[in-house]
Amino acid sequence: MNSFGTNLRVSIWGESHGKAVGVTIDGCPPGIAITDDCFNNDISRRKSGAKGTTPRIEADKPVILSGVYNSYSTGAPITFMIENTNTRSEDYKDITYRPGHSDFVAEKKYRGYNDPRGGGHFSGRLTLGLVIAGVIAKKIINDITIEAEIKEIGGTTDFDSAISKAIENNNSIGGIVECRVQNIPIGLGEPFFNSVESVISHAVFSIPAIKGIEFGSGFSSATMTGLQHNDLIIKKDGKTDTNNAGGINGGITNGNEIVFRVAVKPTSSISSEQKTFNKESNKIESFRLIGRHDACIALRVPVVLEAVTAIALADLKLCLH
Amino acid sequence: MNSFGTNLRVSIWGESHGKAVGVTIDGCPPGIAITDDCFNNDISRRKSGAKGTTPRIEADKPVILSGVYNSYSTGAPITFMIENTNTRSEDYKDITYRPGHSDFVAEKKYRGYNDPRGGGHFSGRLTLGLVIAGVIAKKIINDITIEAEIKEIGGTTDFDSAISKAIENNNSIGGIVECRVQNIPIGLGEPFFNSVESVISHAVFSIPAIKGIEFGSGFSSATMTGLQHNDLIIKKDGKTDTNNAGGINGGITNGNEIVFRVAVKPTSSISSEQKTFNKESNKIESFRLIGRHDACIALRVPVVLEAVTAIALADLKLCLH
Amino acid sequence: MNSFGTNLRVSIWGESHGKAVGVTIDGCPPGIAITDDCFNNDISRRKSGAKGTTPRIEADKPVILSGVYNSYSTGAPITFMIENTNTRSEDYKDITYRPGHSDFVAEKKYRGYNDPRGGGHFSGRLTLGLVIAGVIAKKIINDITIEAEIKEIGGTTDFDSAISKAIENNNSIGGIVECRVQNIPIGLGEPFFNSVESVISHAVFSIPAIKGIEFGSGFSSATMTGLQHNDLIIKKDGKTDTNNAGGINGGITNGNEIVFRVAVKPTSSISSEQKTFNKESNKIESFRLIGRHDACIALRVPVVLEAVTAIALADLKLCLH
Amino acid sequence: MNSFGTNLRVSIWGESHGKAVGVTIDGCPPGIAITDDCFNNDISRRKSGAKGTTPRIEADKPVILSGVYNSYSTGAPITFMIENTNTRSEDYKDITYRPGHSDFVAEKKYRGYNDPRGGGHFSGRLTLGLVIAGVIAKKIINDITIEAEIKEIGGTTDFDSAISKAIENNNSIGGIVECRVQNIPIGLGEPFFNSVESVISHAVFSIPAIKGIEFGSGFSSATMTGLQHNDLIIKKDGKTDTNNAGGINGGITNGNEIVFRVAVKPTSSISSEQKTFNKESNKIESFRLIGRHDACIALRVPVVLEAVTAIALADLKLCLH
């Protein structure tokens, strides 16, 4: 199902080259200020245009269809629609089974009825709905602050040269993005099945291209000893000297900063010649992908990562009594 | 909430030193063979006793309270109870805020009403319910096979010496566990919010001590190019030459092996002298933890990891029409 | 939350005098034929215009925003938007606490942030989304047929004169609507908490103005004996001679016709002089409601009742494995 | 699925003649006083023994397996088990398709794997779990009071003679039970899909033998005019002079008393000679049901009705922020 959350439910819908993409947010408390302007910043952070991102430019102007009255949330479901204006479906029409893409699984799962244009419902364009819901969620969680930033591109911190090289080679490149959450109340999350890690990772793996997530010391904790890893509580309010736990014990926020990192794979769509299976000839053939692509999708991940984190935390917060 | 799943719902309950721990499995199709014996193998794999695991030995004999008739599932909820017989609550009574444990967050979240004995509901003993549900789930997914194994302990593949050293030092040590799933049908999972990665990671982060998860090429994908990372489809059935995707595209199984790895932190409970905050004196003090502990909890993770993976996949399978 | 269903999830959104009302249907299997035309019949059955219904006429033309490609469902969420074109908000602006309406509870629940125009999100106009989702649901349940019809208006079967009299008196009048479902498979529903009666009644009480529901012999069963009430199975396939059970035993469909009736209260909006509480003067005052109203909302209920029944049954059907 | 509720989730399990019946309550806030004694009153109200109820007497002593520590809820799931001690399975072994019972649907739905002894999971004995959960729910909703009482038995208020006559005739008889809820806060419930009527009726139709439900003026509203039916708000706090709405407008509590009535069918199990379909001979045959039965199950409904109402309202209350 294309929705997430128990008390704040975010549902996304739409296709890359269909009429529109959109999002419905149910359970938003009444009285949250919502104006057209408040989405500009995060939408523009997500938007392509920088070096390494696709030249496809959409207006990306969300239309509020419901749930907002006199610039405040009413308590009823809020629906946003973003019309698709700049679609070039003919680019995709002959492509079969692009490597690294969902073409094959979509065809099988939906028995050939899926919309194949630009990835259809699988398109990264759907993350626009996540970003919009994220803006609302950030307002709901209020003084909790979330900040994501790129830590590595192609295994290096010299992002610029890594990207240039990828573009030059008609290739793409991955990266690492880190997210930090501050001012978090103690007690969000549940010991079993809805640990904060469970809920955040569930949301995060909805972002296309994410291949891994680690909290606090993460994978490096596997090489540590207990003496090294255990964080010492130094204050009555639970503040610890180190933060190997990443702000979470037993699945529950401990009031320290939540820290996690995600691995973003290189964009699957590249302009280099590749091989793939041709479903008509039943043979492996060379082909070259036409269309507009991001050389490094990780560049566009931070704002989406913040958004899904905000959505996850807002839902957890609204589950507290 | 302490339950997981939409069409197969697994709910766990109980406390480490309370009357019992248990699990209820709702949505299990009728006609699945269930005998007392069928849990022995996985329960004994989870059981402590090997070098590096706690000497607390429980009978761990699940009693079937409902949902099974004439050795077959009836279609009604199946409840298992495992009585706690070997509890030594006095070991824990003076302990406050064990480092790396949930003591602090549990006290705050539940306003002091939580059962503190042996970690109460946060105890690793609750995973017994997961293992039992996993046995049922494995039967539901039938010819899908799941195998988890330890890949590293303390950063090395020489597990034995790493564990010996940790025991010698009254310390503990982490590890990496890998899980592989074969014979998986194409089409499990959803593009948004219920990707296979979302559902598996949600379940996996219910296992205490897990700090990270990566699918396929995982974190190393962040250093790869698109040309390296894209898996080439070589057969009509979707078989790929490489498996950087870990068997999942666009959130959906592609029929290739699902591969993922988890990072297990070192056990928080260690016998070395440590410091912690004393909530009565409001000071940081030294203390030494009495009780029975695992030097390396990662050793007991594989069967639990298989279990939650089976639960996640069984639920996804029962969501297919 | 404004959504219904587990495997088929219908979410409605919008306000009577806002930009649009709409519905999102998630979980619809791929390959269901969906054209603009297929909604015409049920939308026109719901539409006002007959004697006793409001003269407000909307185009009520649903725009398909997502989830349909080449006239078939794709398997992705299907979103419909129906723009509001014929709104006259000034009619409502001075009204406070219309008797029998949600004005008071909406103001309190949403702390004054609700959209009050025409009832906002509480408006009967939202049932347009239900009717559209019902058309899809009817296609999903396929050869199951659902037919609702008016049985009584104002306690009589001479509907015409009852309605004329209500109009003449600037008053309104209630009614009874019956729904019959045929060709139903055996085994839909669950013994506890998701009995067919539970699921249908849950959906039915989303229709504004419904005050009661009864299945099979319903309230008259309270006056019967067991010998009278027990339906005799006369055939191997479960066919019974009588149908006091209304097609449901133990919460589960038995293959016989499902029969239930609902009570529809008289429309709250009437043009007669009434009294109500004036929140500014804190006094009870006389007032007269301006605006366009249905003298008998029960006339418009049958198609909506069919719709929610179809939605409920489609969800139950998709829960079967 | 055998569970109910979003923020308070009640799951029941067990079979009439199996090892035990039970209930798990998840989401109960910490700090609710729970002792063995606090169930006595409601369990004894449910218990049979009065004229017209089955002579099967169980100890019905709930054992608390989890979630309670030092006589208070801990915030973790609370599981109760009630062992079945007084089972006489041989009474049922030859019975096929008892009229009015779930035997036929259970056999078909579960492909013959269901536990047929005493109705198995369909047994009215499962309502013991509802009653226990109801006791907890009543504590959660605190000063909201719920009272259910029998209004009619067999169409008359002279209950005693109606029951005597039914017993005399080896027959059974139905009844009407009314439930009233006081001290209810304004604002529980949602306009669409989770109206208070939707949520209560969903829970109520989990009680075996309920055939109808009506709120406020209910079915008689179908014969009323708007002028008669509209309740006049007479006070700032929403108090109305009449209560045709039954305390609910637009699906949301208005602070006035919630009133609803349910129809209870006559017990299906009667000792009179009846006819039924014999699945071996494929013929209709006469038979006489052996076993212990209630002549009027409605007598035992009030406490169960209060319980499910408390559960529904507690869940709605915990959904408020």
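Which chain is which? They are A, B, C and D, in the order written, and residues in each are numbered from 1.
To be clear about the criterion, a contact is a pair of C-beta atoms (placed from the backbone, for glycine too) under 8 Å apart; a residue touches a chain by one contact, two chains touch by 3 or more.
Source: prediction; values computed, not measured.
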### Message
Just to be sure I understand the contacts, which chains border both subunit D and subunit C?
### Response
A, B
### Message
Going by the touch criterion stated earlier, list every chain that contacts subunit A and also contacts subunit D.
### Response
B, C
#### Entry: Centroid-based (C-alpha) most distant chain relative to subunit D
A
### Query
Between A-B and B-C, which chain pair is linked by more C-beta pairs in contact?
A-B
### Task
Find the geometric centre of each of subunit A and subunit C from their Cα atoms only, then give the gap between the two centres in Å, rounded to an integer.
37
#### Entry: Distance from subunit B to subunit A - Cα centre to Cα centre, in angstrom
26
### Query
subunit B to subunit C: how many Å between their CA centres?
45
## Note on the structure
Touching at least 2 other chains, the residues of subunit C are 1-3, 6, 12, 76, 109, 121, 191
### Summary
The subunit C residues in contact with subunit A across the complex are 1-3, 9, 11-15, 18-22, 24, 26-27, 30-31, 63-67, 69, 72-79, 81, 109-111, 113-115, 120-121
### Of subunit D, residues touching subunit A in the complex
6-7, 29, 76, 191, 318-319, 321
### Query
Which positions of subunit A touch subunit B when the two form their complex?
1-4, 6, 12, 97, 99-102, 104-106, 108-109, 119, 121-122, 126, 152, 154-155, 166, 169, 171-176, 186-187, 190-195, 197-199, 201-206, 208, 210-236, 238, 244-246, 249-254, 263-270, 272, 274-277, 279, 282, 284, 298
